[in-house]
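The same chain A turns up in both complexes below, where it pairs with chain B and then with chain C.
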Partner chain A sequence: MTLSFFDQFSLTAFMGIPLIALALTLPWILYPTPQNRCLNNRLLTLQAWFIRQLTHQLFLPINPGGHKWALLLASVLIFLITLNLLGILPYTFTPTTQLSMNMGLAVPLWLATVLIGARHQPTHSLAHLLPVGTPTPLIPILIMIETISQFIRPIALGVRLTANLTAGHLLIQLISTAAFYLAFTMPTVSILTMGLLLLLSILELAVAIIQAYVFVLLVSLYLQESV
Partner chain B sequence: MPQLNPSPWLLILLFSWLILLTTVFPKIMRHRFTNEPATQATKKHHPTPWNWPWH
Partner chain C sequence: MAGHDAGNQYQFTGFAKYFNSYTLQGRKNCVLATYAGIATLFLFFKLKPKKQKQIAEK
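Entry: the complex of A and B
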(Lines of atoms letter the chains of each structure in order from A and count residues from 1; the text may use other names and numbers.)
(Lines give C-alpha, C1' and ligand atoms only; values in the text may rest on other atoms or scores of the structure.)
Protein backbone atom coordinates (compact mmCIF):
# COMPACT_ATOMS: atom_id res chain seq x y z
CA MET A 1 0.00 0.00 0.00
CA THR A 2 2.77 2.43 0.89
CA LEU A 3 4.67 1.86 -2.34
CA SER A 4 1.66 2.82 -4.45
CA PHE A 5 1.98 6.41 -3.21
CA PHE A 6 5.23 6.69 -5.14
CA ASP A 7 3.42 5.99 -8.39
CA GLN A 8 2.93 9.72 -8.90
CA PHE A 9 6.69 10.03 -9.52
CA SER A 10 6.97 7.19 -12.02
CA LEU A 11 7.61 8.11 -15.62
CA THR A 12 4.27 7.46 -17.28
CA ALA A 13 3.53 7.97 -20.93
CA PHE A 14 0.32 9.15 -22.54
CA MET A 15 -0.30 7.92 -26.07
CA GLY A 16 3.38 7.19 -26.47
CA ILE A 17 4.61 10.59 -25.26
CA PRO A 18 6.36 10.52 -21.89
CA LEU A 19 4.76 13.00 -19.50
CA ILE A 20 8.10 14.40 -18.46
CA ALA A 21 8.65 15.54 -22.03
CA LEU A 22 5.39 17.48 -21.92
CA ALA A 23 6.15 18.85 -18.46
CA LEU A 24 9.49 20.15 -19.70
CA THR A 25 8.44 21.61 -23.04
CA LEU A 26 5.01 23.19 -22.45
CA PRO A 27 5.56 25.61 -19.52
CA TRP A 28 7.53 28.06 -21.66
CA ILE A 29 4.33 29.08 -23.42
CA LEU A 30 3.67 31.10 -20.28
CA TYR A 31 6.69 33.28 -20.99
CA PRO A 32 6.27 35.28 -24.20
CA THR A 33 9.51 36.25 -25.90
CA PRO A 34 10.01 40.00 -25.71
CA GLN A 35 10.32 41.85 -29.00
CA ASN A 36 12.36 45.00 -29.53
CA ARG A 37 9.71 47.33 -28.20
CA CYS A 38 10.11 50.18 -25.78
CA LEU A 39 6.83 49.50 -24.02
CA ASN A 40 5.77 45.91 -23.53
CA ASN A 41 2.47 44.51 -22.40
CA ARG A 42 1.72 43.89 -18.75
CA LEU A 43 2.83 40.27 -18.65
CA LEU A 44 6.19 41.02 -20.24
CA THR A 45 6.71 44.03 -18.00
CA LEU A 46 6.00 41.94 -14.91
CA GLN A 47 8.32 39.16 -16.02
CA ALA A 48 11.08 41.60 -16.90
CA TRP A 49 10.70 43.26 -13.52
CA PHE A 50 10.94 39.95 -11.65
CA ILE A 51 13.89 38.73 -13.67
CA ARG A 52 15.72 42.01 -13.19
CA GLN A 53 15.09 42.10 -9.43
CA LEU A 54 16.07 38.48 -8.88
CA THR A 55 19.22 38.73 -10.99
CA HIS A 56 20.22 41.97 -9.30
CA GLN A 57 19.77 40.47 -5.83
CA LEU A 58 21.61 37.33 -6.77
CA PHE A 59 24.65 39.10 -8.18
CA LEU A 60 25.10 41.86 -5.63
CA PRO A 61 27.76 39.95 -3.60
CA ILE A 62 29.64 38.64 -6.63
CA ASN A 63 32.63 40.32 -8.29
CA PRO A 64 31.97 41.87 -11.71
CA GLY A 65 33.99 39.07 -13.29
CA GLY A 66 31.29 36.65 -12.23
CA HIS A 67 28.47 38.57 -13.88
CA LYS A 68 28.89 36.56 -17.03
CA TRP A 69 27.05 33.85 -15.11
CA ALA A 70 23.96 36.06 -14.89
CA LEU A 71 22.16 34.50 -17.83
CA LEU A 72 22.86 30.96 -16.67
CA LEU A 73 21.74 31.45 -13.09
CA ALA A 74 18.71 33.57 -13.94
CA SER A 75 17.57 30.97 -16.48
CA VAL A 76 18.05 28.08 -14.06
CA LEU A 77 16.11 30.02 -11.43
CA ILE A 78 13.17 30.68 -13.75
CA PHE A 79 13.34 27.06 -14.95
CA LEU A 80 13.15 25.61 -11.45
CA ILE A 81 10.55 28.03 -10.10
CA THR A 82 8.25 27.39 -13.07
CA LEU A 83 8.56 23.61 -12.86
CA ASN A 84 8.09 23.57 -9.08
CA LEU A 85 5.05 25.83 -9.09
CA LEU A 86 3.32 24.07 -11.96
CA GLY A 87 3.88 20.77 -10.19
CA ILE A 88 1.69 21.86 -7.31
CA LEU A 89 -1.35 21.93 -9.58
CA PRO A 90 -3.30 18.67 -9.50
CA TYR A 91 -2.56 16.01 -12.08
CA THR A 92 0.69 17.60 -13.23
CA PHE A 93 4.07 15.95 -13.30
CA THR A 94 6.97 17.66 -11.55
CA PRO A 95 10.22 16.94 -13.38
CA THR A 96 12.25 18.25 -10.46
CA THR A 97 11.23 15.21 -8.40
CA GLN A 98 13.48 13.18 -10.66
CA LEU A 99 16.92 12.87 -9.17
CA SER A 100 18.41 12.49 -12.63
CA MET A 101 17.41 15.98 -13.67
CA ASN A 102 18.47 17.68 -10.46
CA MET A 103 21.85 15.98 -10.40
CA GLY A 104 22.21 16.85 -14.07
CA LEU A 105 21.80 20.51 -13.14
CA ALA A 106 23.75 20.46 -9.88
CA VAL A 107 26.90 18.57 -10.85
CA PRO A 108 27.84 20.58 -13.97
CA LEU A 109 27.17 23.92 -12.29
CA TRP A 110 29.16 23.03 -9.19
CA LEU A 111 31.99 21.54 -11.25
CA ALA A 112 32.10 24.68 -13.38
CA THR A 113 32.53 26.89 -10.32
CA VAL A 114 35.32 24.66 -9.00
CA LEU A 115 37.13 24.52 -12.34
CA ILE A 116 36.90 28.26 -12.87
CA GLY A 117 38.39 28.85 -9.46
CA ALA A 118 41.13 26.29 -10.06
CA ARG A 119 42.02 27.78 -13.42
CA HIS A 120 42.05 31.50 -12.68
CA GLN A 121 43.13 31.66 -9.06
CA PRO A 122 44.28 28.21 -7.90
CA THR A 123 45.98 29.36 -4.72
CA HIS A 124 42.98 31.41 -3.62
CA SER A 125 40.59 28.52 -4.30
CA LEU A 126 42.75 26.09 -2.34
CA ALA A 127 42.94 28.62 0.47
CA HIS A 128 39.21 28.20 0.98
CA LEU A 129 39.92 24.73 2.32
CA LEU A 130 41.41 26.18 5.49
CA PRO A 131 39.52 28.71 7.61
CA VAL A 132 41.47 31.61 9.07
CA GLY A 133 42.85 31.16 12.55
CA THR A 134 42.95 27.38 12.74
CA PRO A 135 45.32 25.96 15.36
CA THR A 136 48.29 24.25 13.66
CA PRO A 137 47.69 20.65 14.90
CA LEU A 138 44.17 20.71 13.45
CA ILE A 139 45.23 21.70 9.94
CA PRO A 140 45.53 18.21 8.33
CA ILE A 141 42.19 17.03 9.67
CA LEU A 142 40.47 20.25 8.69
CA ILE A 143 41.82 20.11 5.14
CA MET A 144 40.40 16.60 4.78
CA ILE A 145 37.05 17.64 6.20
CA GLU A 146 36.83 20.68 3.96
CA THR A 147 37.73 18.59 0.89
CA ILE A 148 35.03 16.09 1.72
CA SER A 149 32.51 18.87 2.24
CA GLN A 150 33.51 20.34 -1.12
CA PHE A 151 32.73 17.05 -2.84
CA ILE A 152 29.46 16.59 -1.01
CA ARG A 153 28.18 19.94 -2.33
CA PRO A 154 26.83 18.73 -5.70
CA ILE A 155 25.18 15.69 -4.12
CA ALA A 156 23.59 17.88 -1.46
CA LEU A 157 22.46 20.40 -4.07
CA GLY A 158 20.68 17.81 -6.20
CA VAL A 159 19.30 15.68 -3.43
CA ARG A 160 18.01 18.69 -1.46
CA LEU A 161 15.77 19.81 -4.31
CA THR A 162 14.61 16.28 -5.11
CA ALA A 163 13.87 15.34 -1.52
CA ASN A 164 12.02 18.54 -0.67
CA LEU A 165 9.73 18.33 -3.63
CA THR A 166 9.18 14.58 -3.39
CA ALA A 167 8.39 14.80 0.31
CA GLY A 168 5.99 17.67 -0.25
CA HIS A 169 4.06 15.91 -2.98
CA LEU A 170 3.97 12.72 -0.99
CA LEU A 171 2.60 14.49 2.08
CA ILE A 172 -0.10 16.17 0.05
CA GLN A 173 -1.16 12.84 -1.40
CA LEU A 174 -1.11 11.07 1.97
CA ILE A 175 -3.10 13.71 3.82
CA SER A 176 -5.64 14.13 1.05
CA THR A 177 -6.15 10.36 0.97
CA ALA A 178 -6.69 10.42 4.71
CA ALA A 179 -9.14 13.32 4.49
CA PHE A 180 -11.09 11.58 1.75
CA TYR A 181 -11.44 8.24 3.50
CA LEU A 182 -12.22 9.85 6.85
CA ALA A 183 -15.13 11.80 5.34
CA PHE A 184 -17.28 8.68 5.39
CA THR A 185 -16.63 7.58 8.96
CA MET A 186 -15.54 10.67 10.96
CA PRO A 187 -16.58 13.86 9.14
CA THR A 188 -15.30 16.26 11.79
CA VAL A 189 -11.84 14.77 11.76
CA SER A 190 -11.99 14.89 8.00
CA ILE A 191 -12.68 18.61 8.05
CA LEU A 192 -9.75 19.15 10.41
CA THR A 193 -7.58 17.12 8.05
CA MET A 194 -8.73 19.28 5.17
CA GLY A 195 -7.65 22.33 7.14
CA LEU A 196 -4.26 20.71 7.59
CA LEU A 197 -4.19 20.02 3.88
CA LEU A 198 -4.82 23.69 3.16
CA LEU A 199 -1.92 24.74 5.36
CA LEU A 200 0.27 22.11 3.79
CA SER A 201 -0.56 23.36 0.32
CA ILE A 202 0.47 26.87 1.28
CA LEU A 203 3.70 25.44 2.67
CA GLU A 204 4.28 23.56 -0.56
CA LEU A 205 3.86 26.77 -2.50
CA ALA A 206 6.51 28.43 -0.39
CA VAL A 207 8.82 25.42 -0.54
CA ALA A 208 8.59 25.31 -4.30
CA ILE A 209 9.79 28.86 -4.65
CA ILE A 210 12.31 28.72 -1.86
CA GLN A 211 13.98 25.50 -2.95
CA ALA A 212 14.54 26.82 -6.44
CA TYR A 213 15.99 29.99 -5.01
CA VAL A 214 18.22 28.11 -2.58
CA PHE A 215 19.60 26.01 -5.41
CA VAL A 216 20.62 28.99 -7.44
CA LEU A 217 21.80 30.93 -4.41
CA LEU A 218 24.17 28.18 -3.37
CA VAL A 219 25.62 27.95 -6.86
CA SER A 220 26.18 31.69 -6.75
CA LEU A 221 27.91 31.30 -3.40
CA TYR A 222 30.21 28.65 -4.79
CA LEU A 223 30.84 31.02 -7.67
CA GLN A 224 31.62 33.83 -5.29
CA GLU A 225 34.42 31.80 -3.79
CA SER A 226 35.93 31.08 -7.17
CA VAL A 227 35.66 34.36 -9.01
CA MET B 1 12.02 4.75 -4.00
CA PRO B 2 12.04 2.76 -7.21
CA GLN B 3 10.56 5.53 -9.31
CA LEU B 4 13.46 7.82 -8.61
CA ASN B 5 15.97 5.35 -10.07
CA PRO B 6 14.58 4.43 -13.47
CA SER B 7 16.51 3.63 -16.60
CA PRO B 8 16.13 6.83 -18.66
CA TRP B 9 18.46 8.83 -16.42
CA LEU B 10 20.68 10.08 -19.20
CA LEU B 11 17.76 10.90 -21.46
CA ILE B 12 16.09 13.01 -18.78
CA LEU B 13 19.36 14.81 -18.11
CA LEU B 14 19.99 15.52 -21.77
CA PHE B 15 16.42 16.53 -22.47
CA SER B 16 16.24 18.99 -19.59
CA TRP B 17 19.53 20.60 -20.66
CA LEU B 18 18.28 20.68 -24.24
CA ILE B 19 15.15 22.56 -23.18
CA LEU B 20 17.25 24.93 -21.08
CA LEU B 21 19.64 25.68 -23.92
CA THR B 22 17.14 26.02 -26.73
CA THR B 23 14.13 27.58 -25.02
CA VAL B 24 14.88 29.16 -21.68
CA PHE B 25 18.20 30.90 -22.34
CA PRO B 26 16.98 32.76 -25.46
CA LYS B 27 13.78 33.83 -23.73
CA ILE B 28 15.62 35.27 -20.75
CA MET B 29 18.29 36.82 -22.95
CA ARG B 30 15.78 38.81 -25.02
CA HIS B 31 14.76 40.74 -21.93
CA ARG B 32 16.58 44.04 -22.05
CA PHE B 33 16.70 46.40 -19.16
CA THR B 34 16.86 50.15 -19.53
CA ASN B 35 18.65 52.35 -17.04
CA GLU B 36 16.64 54.47 -14.67
CA PRO B 37 16.15 58.02 -15.95
CA ALA B 38 18.55 60.32 -14.10
CA THR B 39 17.93 63.89 -13.08
CA GLN B 40 21.51 64.93 -13.79
CA ALA B 41 22.93 65.99 -17.14
CA THR B 42 24.49 63.34 -19.33
CA LYS B 43 27.83 65.11 -19.24
CA LYS B 44 28.21 64.16 -15.62
CA HIS B 45 27.87 60.39 -15.87
CA HIS B 46 27.44 57.79 -18.62
CA PRO B 47 25.96 54.64 -17.17
CA THR B 48 26.97 51.53 -19.06
CA PRO B 49 24.13 49.38 -20.40
CA TRP B 50 23.78 45.96 -18.86
CA ASN B 51 22.81 43.32 -21.35
CA TRP B 52 23.49 39.85 -19.93
CA PRO B 53 27.30 40.13 -20.05
CA TRP B 54 28.98 37.23 -21.69
CA HIS B 55 32.67 37.98 -21.42
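Entry: the complex of A and C
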Protein backbone atom coordinates (compact mmCIF):
# COMPACT_ATOMS: atom_id res chain seq x y z
CA MET A 1 0.00 0.00 0.00
CA THR A 2 1.47 3.36 -1.04
CA LEU A 3 1.42 5.89 1.75
CA SER A 4 0.83 9.57 1.10
CA PHE A 5 2.54 12.25 3.12
CA PHE A 6 -0.58 12.82 5.22
CA ASP A 7 -1.07 9.21 6.29
CA GLN A 8 1.13 9.81 9.33
CA PHE A 9 -1.68 12.03 10.73
CA SER A 10 -4.52 9.57 10.17
CA LEU A 11 -6.29 8.05 13.17
CA THR A 12 -6.04 4.28 13.14
CA ALA A 13 -7.67 1.55 15.18
CA PHE A 14 -6.24 -1.88 15.93
CA MET A 15 -8.77 -4.62 16.64
CA GLY A 16 -11.35 -1.98 17.48
CA ILE A 17 -9.08 -0.04 19.84
CA PRO A 18 -8.43 3.53 18.68
CA LEU A 19 -4.67 3.91 18.90
CA ILE A 20 -4.89 7.59 19.82
CA ALA A 21 -6.19 6.46 23.21
CA LEU A 22 -2.95 4.54 23.71
CA ALA A 23 -0.89 7.46 22.39
CA LEU A 24 -2.53 9.75 24.93
CA THR A 25 -2.37 7.50 27.99
CA LEU A 26 0.85 5.46 27.66
CA PRO A 27 3.32 8.42 27.95
CA TRP A 28 2.14 8.70 31.58
CA ILE A 29 4.12 5.57 32.51
CA LEU A 30 7.36 7.25 31.44
CA TYR A 31 7.27 9.47 34.52
CA PRO A 32 8.18 8.04 37.95
CA THR A 33 5.50 8.34 40.62
CA PRO A 34 6.42 10.72 43.44
CA GLN A 35 6.90 8.89 46.74
CA ASN A 36 6.00 10.11 50.25
CA ARG A 37 9.63 10.10 51.32
CA CYS A 38 11.72 12.86 52.81
CA LEU A 39 14.47 12.27 50.25
CA ASN A 40 13.66 10.74 46.90
CA ASN A 41 16.03 9.33 44.31
CA ARG A 42 17.82 11.54 41.82
CA LEU A 43 15.29 11.14 39.03
CA LEU A 44 12.32 12.04 41.20
CA THR A 45 14.20 14.98 42.72
CA LEU A 46 15.06 16.26 39.27
CA GLN A 47 11.46 15.81 38.07
CA ALA A 48 10.06 17.62 41.11
CA TRP A 49 12.61 20.46 40.78
CA PHE A 50 11.81 20.90 37.08
CA ILE A 51 8.05 20.99 37.59
CA ARG A 52 8.40 23.34 40.58
CA GLN A 53 10.59 25.74 38.58
CA LEU A 54 8.18 25.77 35.63
CA THR A 55 5.14 26.32 37.85
CA HIS A 56 6.89 29.07 39.81
CA GLN A 57 7.86 30.95 36.64
CA LEU A 58 4.42 30.51 35.12
CA PHE A 59 2.53 31.80 38.17
CA LEU A 60 4.87 34.63 39.19
CA PRO A 61 2.74 37.36 37.52
CA ILE A 62 -0.61 35.88 38.51
CA ASN A 63 -2.56 36.94 41.61
CA PRO A 64 -2.95 34.36 44.42
CA GLY A 65 -6.56 33.76 43.32
CA GLY A 66 -5.25 32.13 40.16
CA HIS A 67 -2.76 29.85 41.87
CA LYS A 68 -5.34 27.08 42.18
CA TRP A 69 -4.77 26.58 38.44
CA ALA A 70 -1.15 25.52 39.09
CA LEU A 71 -1.81 21.77 39.06
CA LEU A 72 -3.92 21.97 35.89
CA LEU A 73 -1.52 24.13 33.89
CA ALA A 74 1.59 22.22 35.01
CA SER A 75 -0.13 18.97 34.02
CA VAL A 76 -1.13 20.35 30.61
CA LEU A 77 2.41 21.61 30.05
CA ILE A 78 4.06 18.27 30.89
CA PHE A 79 1.39 16.44 28.85
CA LEU A 80 1.94 18.56 25.74
CA ILE A 81 5.74 18.53 26.01
CA THR A 82 5.72 14.73 26.32
CA LEU A 83 3.36 14.19 23.39
CA ASN A 84 5.27 16.61 21.18
CA LEU A 85 8.69 15.16 21.99
CA LEU A 86 7.56 11.54 21.57
CA GLY A 87 6.13 12.54 18.19
CA ILE A 88 9.58 13.51 16.97
CA LEU A 89 10.61 9.85 17.13
CA PRO A 90 10.25 7.96 13.82
CA TYR A 91 7.09 5.96 13.21
CA THR A 92 5.25 7.47 16.17
CA PHE A 93 1.91 9.21 16.15
CA THR A 94 1.63 12.76 17.49
CA PRO A 95 -1.81 13.38 19.00
CA THR A 96 -1.20 17.13 19.03
CA THR A 97 -1.35 17.18 15.23
CA GLN A 98 -5.09 16.60 15.57
CA LEU A 99 -7.00 19.88 15.58
CA SER A 100 -9.87 18.23 17.41
CA MET A 101 -7.64 17.41 20.37
CA ASN A 102 -6.01 20.82 20.52
CA MET A 103 -9.35 22.60 20.29
CA GLY A 104 -10.60 20.25 23.00
CA LEU A 105 -7.83 21.60 25.23
CA ALA A 106 -7.93 25.25 24.12
CA VAL A 107 -11.67 26.02 24.16
CA PRO A 108 -12.49 24.81 27.71
CA LEU A 109 -9.39 26.46 29.19
CA TRP A 110 -10.10 29.78 27.45
CA LEU A 111 -13.81 29.64 28.29
CA ALA A 112 -12.99 28.94 31.94
CA THR A 113 -10.80 32.06 32.11
CA VAL A 114 -13.56 34.16 30.53
CA LEU A 115 -16.26 32.83 32.87
CA ILE A 116 -14.05 33.28 35.93
CA GLY A 117 -13.39 36.87 34.91
CA ALA A 118 -17.09 37.51 34.31
CA ARG A 119 -18.03 35.94 37.64
CA HIS A 120 -15.42 37.48 39.97
CA GLN A 121 -14.41 40.71 38.20
CA PRO A 122 -17.16 41.66 35.73
CA THR A 123 -16.14 45.35 35.63
CA HIS A 124 -12.49 44.57 34.94
CA SER A 125 -13.38 41.96 32.34
CA LEU A 126 -15.61 44.37 30.43
CA ALA A 127 -13.19 47.27 30.82
CA HIS A 128 -10.45 45.12 29.25
CA LEU A 129 -12.28 45.34 25.95
CA LEU A 130 -11.43 49.05 25.69
CA PRO A 131 -7.75 50.06 25.96
CA VAL A 132 -6.98 53.02 28.21
CA GLY A 133 -6.76 56.36 26.42
CA THR A 134 -8.62 55.39 23.25
CA PRO A 135 -9.78 58.46 21.28
CA THR A 136 -13.55 58.89 21.44
CA PRO A 137 -14.33 58.31 17.71
CA LEU A 138 -12.47 54.99 17.80
CA ILE A 139 -14.21 53.59 20.90
CA PRO A 140 -17.02 51.54 19.20
CA ILE A 141 -14.71 50.15 16.51
CA LEU A 142 -12.03 49.17 18.99
CA ILE A 143 -14.56 47.48 21.27
CA MET A 144 -15.79 45.38 18.35
CA ILE A 145 -12.22 44.55 17.34
CA GLU A 146 -11.31 43.56 20.91
CA THR A 147 -14.45 41.41 21.19
CA ILE A 148 -13.61 39.60 17.96
CA SER A 149 -10.01 39.10 19.11
CA GLN A 150 -11.34 37.65 22.37
CA PHE A 151 -13.30 35.01 20.43
CA ILE A 152 -10.41 34.28 18.12
CA ARG A 153 -8.16 33.39 21.08
CA PRO A 154 -9.21 29.71 21.44
CA ILE A 155 -9.06 29.19 17.68
CA ALA A 156 -5.57 30.68 17.58
CA LEU A 157 -4.47 28.57 20.54
CA GLY A 158 -5.60 25.31 18.96
CA VAL A 159 -4.57 26.06 15.39
CA ARG A 160 -1.13 27.37 16.41
CA LEU A 161 -0.21 24.10 18.09
CA THR A 162 -1.73 21.96 15.33
CA ALA A 163 -0.14 23.90 12.46
CA ASN A 164 3.33 24.03 14.00
CA LEU A 165 3.44 20.32 14.75
CA THR A 166 1.85 19.26 11.47
CA ALA A 167 4.10 21.51 9.36
CA GLY A 168 7.19 20.28 11.18
CA HIS A 169 6.35 16.63 10.69
CA LEU A 170 5.50 17.17 7.04
CA LEU A 171 8.78 18.99 6.41
CA ILE A 172 10.75 16.21 8.08
CA GLN A 173 8.99 13.62 5.95
CA LEU A 174 9.47 15.60 2.72
CA ILE A 175 13.14 16.27 3.27
CA SER A 176 13.89 12.74 4.42
CA THR A 177 12.12 11.37 1.31
CA ALA A 178 14.16 13.72 -0.86
CA ALA A 179 17.41 12.69 0.87
CA PHE A 180 16.55 9.00 0.37
CA TYR A 181 15.74 9.21 -3.34
CA LEU A 182 18.65 11.54 -4.07
CA ALA A 183 21.08 9.04 -2.54
CA PHE A 184 20.83 6.88 -5.71
CA THR A 185 21.19 9.68 -8.26
CA MET A 186 23.04 12.59 -6.61
CA PRO A 187 24.86 11.37 -3.47
CA THR A 188 26.51 14.74 -2.73
CA VAL A 189 23.17 16.58 -2.79
CA SER A 190 21.73 13.78 -0.67
CA ILE A 191 24.40 14.34 2.00
CA LEU A 192 23.64 18.07 2.03
CA THR A 193 19.94 17.24 2.35
CA MET A 194 20.72 14.97 5.28
CA GLY A 195 22.57 17.86 6.92
CA LEU A 196 19.50 20.01 6.40
CA LEU A 197 17.37 17.21 7.86
CA LEU A 198 19.57 17.15 10.98
CA LEU A 199 19.18 20.91 11.47
CA LEU A 200 15.44 20.64 10.89
CA SER A 201 15.16 17.87 13.46
CA ILE A 202 16.93 20.04 16.04
CA LEU A 203 14.53 22.87 15.15
CA GLU A 204 11.55 20.55 15.55
CA LEU A 205 12.79 19.51 19.00
CA ALA A 206 12.86 23.17 20.00
CA VAL A 207 9.46 23.86 18.39
CA ALA A 208 7.93 20.88 20.21
CA ILE A 209 8.95 22.27 23.60
CA ILE A 210 8.32 25.92 22.78
CA GLN A 211 4.83 25.39 21.33
CA ALA A 212 3.73 23.46 24.41
CA TYR A 213 5.12 26.23 26.62
CA VAL A 214 3.48 28.97 24.52
CA PHE A 215 0.11 27.22 24.76
CA VAL A 216 0.23 27.12 28.54
CA LEU A 217 1.77 30.58 28.82
CA LEU A 218 -1.06 32.13 26.80
CA VAL A 219 -3.67 30.39 28.94
CA SER A 220 -1.91 31.77 32.03
CA LEU A 221 -1.97 35.26 30.46
CA TYR A 222 -5.70 34.97 29.84
CA LEU A 223 -6.08 33.85 33.45
CA GLN A 224 -4.02 36.81 34.63
CA GLU A 225 -6.56 39.17 33.05
CA SER A 226 -9.41 37.45 34.87
CA VAL A 227 -8.17 37.05 38.45
CA MET B 1 -0.86 44.19 33.45
CA ALA B 2 -1.64 47.37 31.56
CA GLY B 3 -5.22 48.49 31.82
CA HIS B 4 -5.79 47.70 35.49
CA ASP B 5 -5.45 51.40 36.32
CA ALA B 6 -8.72 52.45 38.01
CA GLY B 7 -8.20 55.96 36.66
CA ASN B 8 -8.98 57.67 39.94
CA GLN B 9 -6.72 60.59 39.10
CA TYR B 10 -9.09 61.82 36.37
CA GLN B 11 -11.90 64.21 37.33
CA PHE B 12 -14.55 64.01 34.65
CA THR B 13 -17.88 65.81 34.78
CA GLY B 14 -21.18 65.35 33.04
CA PHE B 15 -21.47 62.69 30.33
CA ALA B 16 -17.74 62.02 30.34
CA LYS B 17 -17.95 60.99 33.98
CA TYR B 18 -19.83 57.85 32.96
CA PHE B 19 -18.51 57.30 29.41
CA ASN B 20 -14.76 57.73 28.95
CA SER B 21 -11.80 55.56 28.05
CA TYR B 22 -9.75 56.29 31.19
CA THR B 23 -11.64 55.12 34.26
CA LEU B 24 -12.71 51.53 34.88
CA GLN B 25 -16.39 52.42 35.09
CA GLY B 26 -16.15 54.65 32.04
CA ARG B 27 -14.63 51.89 29.94
CA LYS B 28 -17.18 49.38 31.19
CA ASN B 29 -20.06 51.71 30.35
CA CYS B 30 -18.64 52.34 26.85
CA VAL B 31 -18.48 48.59 26.23
CA LEU B 32 -22.02 48.03 27.47
CA ALA B 33 -23.30 50.97 25.42
CA THR B 34 -21.63 49.61 22.28
CA TYR B 35 -23.14 46.16 22.83
CA ALA B 36 -26.55 47.74 23.48
CA GLY B 37 -26.23 49.76 20.28
CA ILE B 38 -25.33 46.69 18.21
CA ALA B 39 -28.20 44.73 19.77
CA THR B 40 -30.61 47.61 19.03
CA LEU B 41 -29.50 47.77 15.39
CA PHE B 42 -29.84 44.03 15.01
CA LEU B 43 -33.34 44.02 16.51
CA PHE B 44 -34.35 47.01 14.41
CA PHE B 45 -33.46 45.31 11.14
CA LYS B 46 -34.81 41.98 12.29
CA LEU B 47 -38.23 43.32 13.33
CA LYS B 48 -38.50 45.91 10.57
CA PRO B 49 -41.78 45.32 8.67
CA LYS B 50 -41.21 44.33 5.04
CA LYS B 51 -43.93 46.56 3.51
CA GLN B 52 -41.99 47.59 0.43
CA LYS B 53 -41.42 43.98 -0.65
CA GLN B 54 -45.12 43.16 -0.35
CA ILE B 55 -46.14 46.21 -2.43
CA ALA B 56 -43.62 45.23 -5.13
CA GLU B 57 -45.02 41.68 -5.26
CA LYS B 58 -48.59 43.01 -5.72
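Throughout what follows, the second predicted complex is superposed on the first by the 221 of 227 C-alpha atoms of A that agree within 3 Å, B and C clash if a C-alpha of one lies under 4 Å from a C-alpha of the other, contacts with A are read in each partner's own complex, and residues count from 1 in each chain.
What we mean here is this: contacts are C-beta pairs under 8 Å (C-beta built on N, C-alpha and C of every residue); 3 or more make two chains touch, one makes a residue touch a chain.
For clarity, every value in this text was computed on a predicted model and none was experimentally measured.
Participant: Have a look at where A:Arg119 lands relative to chain B and chain C in the superposition and call it first, second, both or neither.
Facilitator: neither
Participant: Between chain B (first) and chain C (second), which does A:Ala21 come into contact with in this model arrangement: first, second, both, or neither?
Facilitator: first
Participant: Which partner chains sit in contact with A:Ala127 here, chain B, chain C, both or neither? Use first/second/both/neither.
Facilitator: Touch partner of A:Ala127: chain C, not chain B.
Participant: Would you sort A:Ile139 into first (chain B), second (chain C), both or neither based on which partner it touches?
Facilitator: In the superposition, A:Ile139 touches chain C alone.
Participant: In the superposed arrangement, does A:Ala70 touch chain B (first), chain C (second), both or neither?
Facilitator: First partner only.
Participant: When the two structures are laid over each other on chain A, which of chain B and chain C touches more residues of chain A?
Facilitator: After superposition, B is the partner touching more of chain A.
Participant: Residues of chain B touching chain A in their complex?
Facilitator: Those in contact with chain A are residues 1-6, 8-10, 12-17, 19-20, 23-33, 52-55.
Participant: Taking the complex as given, what residues does chain C use to touch chain A?
Facilitator: 1-5, 7, 21-22, 24-25, 27-28, 30-32, 34-35, 37-38
Participant: What residues on chain A touch chain C, complex-wise?
Facilitator: 61, 123-124, 126-136, 139-140, 143-144, 224-225
Participant: Quick check on the complex: what are the chain A residues that touch chain B?
Facilitator: 3, 6-7, 9-11, 18, 20-21, 24-25, 28, 31, 33-35, 47-48, 51-52, 67-68, 70-72, 74-76, 78-79, 95, 97-101, 103-105, 162, 166
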